[in-house]
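Across the two complexes that follow, chain A remains constant while its partner is chain B and subsequently chain C.
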Partner chain A sequence: MSEAGVIHDIGYQRYDGPRLGRFAMQQALYVHGLRAAYGLGRSAKAKIFPWLVFGIMLLVAVIVAAVRSTIGEVIFTYTQFADQMSFLIIFFVAIVAPQLVSRDLRSGTLPLYFSRPLRAADYVAAKFAALASAIWLLLGVPQFIMFLGAAFTTKTGFKGVWNEVLDLVPGWGYSLLWAVMFAGIGLLIASFTGKQAFAAGGIVAVFLMTAPIVGVLASLPSTTANSLAGLASPMTLIAGINQWISGDEGTGLDLGRFGPVYAIEAVCLIASCLLLLLARYRKVASL
Partner chain B sequence: MTIIVTDGLTKTYGGGVTALADLTVAVDAGVIGLVGANGAGKSTFIKIMLGLVPPSGGTVRVFDLDPVTQTDQVRARVGYMPENDCLPPDVSAAEFVTHLGRMSGLPKTAARERASEALRHVGLYEERYRQIGGYSTGMKQRVKLAQALVHDPDLLLLDEPTNGLDPAGRDAMLALVQRIGTEFGISVVVCSHLLGEVERICDSLIAIEGGRLLRADRISSMTAASDVLAVEVADGTDELADALAGMGMEVSRDGRMLLVPMDSETAYDRILRAVTDLDLNLHRLDQRRHRVAELFTTKETADV
Partner chain C sequence: MSTVAFITARGLFGRRRALLLLPLPILLVGLALLCRMYDVSPDMWGQAVIVALGLAVVLPVVALIVGTGVLGSEVDDGTIVHILTKPLARRDIILAKYAVAASVTTVVSAVPLFLTGVLAGSARLGGALAVAATVGAFAYSALFLLFSLVSRRPVLVGLVYILVWEGLLGNFVSGTKNLAIGQYVIAITDKIAPNGMMDTPVSLTTAIVMSAIFTVAGTVFAINRLGSFSLAGETS
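Let's turn to the complex of A and B:
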């Protein structure tokens, strides 16, 4: 009889390889979250929406780059691109944030995470970083396409490319601000419900319902109220910071002397979102 | 080797609910049954051992580590299978267990290998690439067990592993738990409210009620001292009972049977002699091991 065909049950094998620390777990969770945000490693259904949004943004960037390189007209600057795409970003966050956190709440997976060395802070940090990176890539990659279009068709040689880099880097920074702000608010809302549809609705509502408030405040007769109007909505808040830092007047906001207030509110808002998330998961972790 | 030691362990939740009161046990490695009615404090005990909730009083040590201050070291050596449903429906078992392996600190390739191994050991090898949403309850329980096993723990904490399973599924799950305890060399704490279920597979038993310790001991020492002889005769049960009582035996009746404590080796002979003296037809005379449940008859009524 041949011995080759025999399957040996080698029984249970103990594991004596390396065991990585909490930082490695956090990293693994971050990569897992970033992949999940774009539907990678998930069903085809989960890929449709993120890639649709990404595709539209990419298409817009290609058009902008093409127009600029052929007729030399700048449709959007890098920062205006982020402002113009704000609705797409809201919908992206509304779909992806619940994917990242509501799913774990819904299926009750959290006890499995928190019975491991991972802590609430690690979980929050990894999910926040994953969503912020996903949003940043959503803006940053099309911005880079726009840069390539501009850089390869520049007529002033290396100096022109360098000028373009100097425009791109603040644009990326501005996208990062968008990413961090939207990730914080989106995750916080999504962490309160296990139902993805409710979470998505809540996120869209918070971002869209605040826009009319800005409109009302901006139409009041008081100039102080007009200057502070942008504080009421995350979108105008970010635009206000951009205006304060760069002096770009293209956003339709009249900041007056309240520019720093916008920056302070943004920092406080992001910090409080993260602290509330942490408090929420501390409570969930000790179920 | 003693793996779990508690001393005066107490847990009071806000609002004055006492989940555990003055629990003092020392448990040896092996398969350990943790029995008690719903709300007896089993899950609280498990959560304290995992460092998920801090005790209000007393101390607990797992592998001589303090779960409150050395949480990471304890959790790295412990696998936990919760009672509730905890599986996302839209990923495959292989992927899910791999991910949780990584969350336990395994490197990528090791996590994948260990996940396949763990799923194979729980009997889910062919189906592991299917989405969990399409699994039966029995298969889901196996996935939950596999994720607790993936990082090769030294101790498994299983909260009601047979929940929702049919009798055949229960037997399979209990056999698997016993295999883990004996062949794999991993100690297992099995929580259950069904004493009869866990006593078959456990080396030792902790029974708690209302947060208090009823009894903690090895199964062998619980049952050894309580062997009885069951005697059944055709007619004349009463006469035989009187005769045996006259010989100084403590006779109790259980339906048509007489139960006589087996206090010495001669008990068989003495009963046989009594039966022949009375000229009765002996139907049965055998040694009966007390089921552990009979030690907790008061608890059984409290269960209802």
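Let's turn to the complex of A and C:
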């Protein structure tokens, strides 16, 4: 270390160990994002809102499970649970999405991130996966509790449990659809502003204002417009896909022959959100 | 005091930020126009556009963005220090900011609601909606201004109020409707221009009295809070 020309050697050493590379960075960002979503590793104040939402969801799930095991009446099925809780999911996205991306914009950490071998795509993928997992856990854990309630009180033995599993797995898949859709839209909106307050307001405004459009389109005097009405809002879009795949008519939508259109739009919407996010992070100015 | 109001207004509208407030009102009027062009009976779409979009989304969300924007963003940025160190009474600061928030919310929500009401029925319905939206704007602004002083995350608290208190609980537990500004707005509209699409358990007297209480109590409490305002460090 002490070569000629070095006046003071204060012991700095070069790093010779293995370099973990992009994948490890992506993984680290993902884990950090998922923890930040629930306020883990942060102060009690940061935990209030995510756990408030999670607590309400759990409470509802416990009530549903209890009612089902005592009276035998099914209040919500696994898929209806997600539909009924849509306001809370919107609120959760409005809390978490700005935490994940707006904070980075605001505090100027993005130039630091991107001065590493991390690409914009890695960053977007990690954040998207973190938010989608957080939303999925928000729905999946209460659904699992409902499953436990139903499975332990079943009267038909293992056959009953297996039937519940067959109900639960599509329910989890449905929650995944919610998670992916809401994560894409939420992150895209939040990535445009460094102010968490504006980002949260924007996310809620976008999700809430789409719902009445469906109501208006559904009242137009054209069956095509009525069948396509659900496309206008992410919530009814997801419900429409569920109806198209499972064929149950409980959602109040009238799809007609346009079921596949719903699936196509959902895929296009998620893909375009991700592409726009990539485009957004091609050039990052510190706000 | 007028300088504070001017700076606040510039903070809201400067650098094209005013454009952020436009989509919601435009959507409201646009949907009403669309239905009008297709000659759909207002009975079919009035509920969805006026109540579900206009009164339940546009008015509270605009009030939330503006009401927390006037003070909350200054607390966030730390620029509130500059105002607090000037020789101004805290009361004047709050009143100036409240005046800006309430008037901006009124303009942004009452004008499109008036247009929608005219398209949906009569000028009477439009006028009723405009009056009710003005009352609502004043009450909501006072509440959200207060939220930005009691919490470091006023928007989230405001969203809890809008989504959980007025939205979710209002559907299941009807008792909360007596303490929801949205219901007062509906009650006032329905009294001025009776129509079939609005339905609320709140009476007109309750609506007027409670709106006034929300407005005055919110402002007074906000003044009180700003009087003992302490600048905390970085948020967690």
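By definition in this document, the second predicted complex is superposed on the first by the 269 of 287 C-alpha atoms of A that agree within 3 Å, B and C clash if a C-alpha of one lies under 4 Å from a C-alpha of the other, contacts with A are read in each partner's own complex, and residues count from 1 in each chain.
We adopt the following convention: a residue touches a chain if its C-beta (ideal position, glycine included) is under 8 Å from a C-beta of that chain, and two chains touch if they have at least 3 such contacts.
From a predicted model like this one, the values you see are computed outputs, not experimental measurements.
Colleague: May I ask you to decide whether A:Phe49 touches chain B, chain C, both, or neither, giving the answer as first, second, both or neither?
Modeller: second
Colleague: Touching A:Ser115, do we find chain B (first), chain C (second), both, or neither?
Modeller: Touch status of A:Ser115: first partner only.
Colleague: First (chain B), second (chain C), both or neither: which does A:Leu208 touch?
Modeller: In the superposition, A:Leu208 touches chain C alone.
Colleague: Would you check which partner chain A:Leu29 touches, where first means chain B only, second means chain C only, and both and neither mean what they say?
Modeller: Touch status of A:Leu29: first partner only.
Colleague: Identify the partner contact of A:Lys283: answer first if only chain B is touched, second if only chain C is, both if each is, neither if none is.
Modeller: In the superposition, A:Lys283 touches no partner, neither chain B nor chain C.
Colleague: Of the residues on chain A, which ones does chain B touch that chain C also touches?
Modeller: Residues 42-43, 46, which sit in both footprints.
Colleague: Which stretch or stretches of chain B touch chain A in the complex?
Modeller: 47, 50, 52-53, 71-72, 75-76, 78, 80, 82, 84-91, 95, 99-100, 102-108, 110, 114, 117, 121, 147, 151-152, 183-185
Colleague: With touch defined as at the start, can you tell me which chain A residues reach chain C in the complex?
Modeller: Touching chain C from chain A are residues 42-46, 49, 52, 56, 87-88, 90-91, 94-95, 195-198, 200-202, 204-205, 208-209, 211-213, 215-216, 219-221.
Colleague: Which bits of chain A are touching chain B when the two form their complex?
Modeller: Contacts found on chain A: 11-15, 17-22, 24-25, 28-29, 32, 41-43, 46, 103-104, 106-109, 111-118, 285-287.
Colleague: So in the complex, the part of chain C that touches chain A is made up of which residues?
Modeller: 20, 23-24, 27, 31, 34-35, 38, 40, 44-45, 47-49, 52-53, 56-58, 61, 64-65, 68-69, 72-73, 76, 152-156, 159-160, 162-164, 167-168, 235-236
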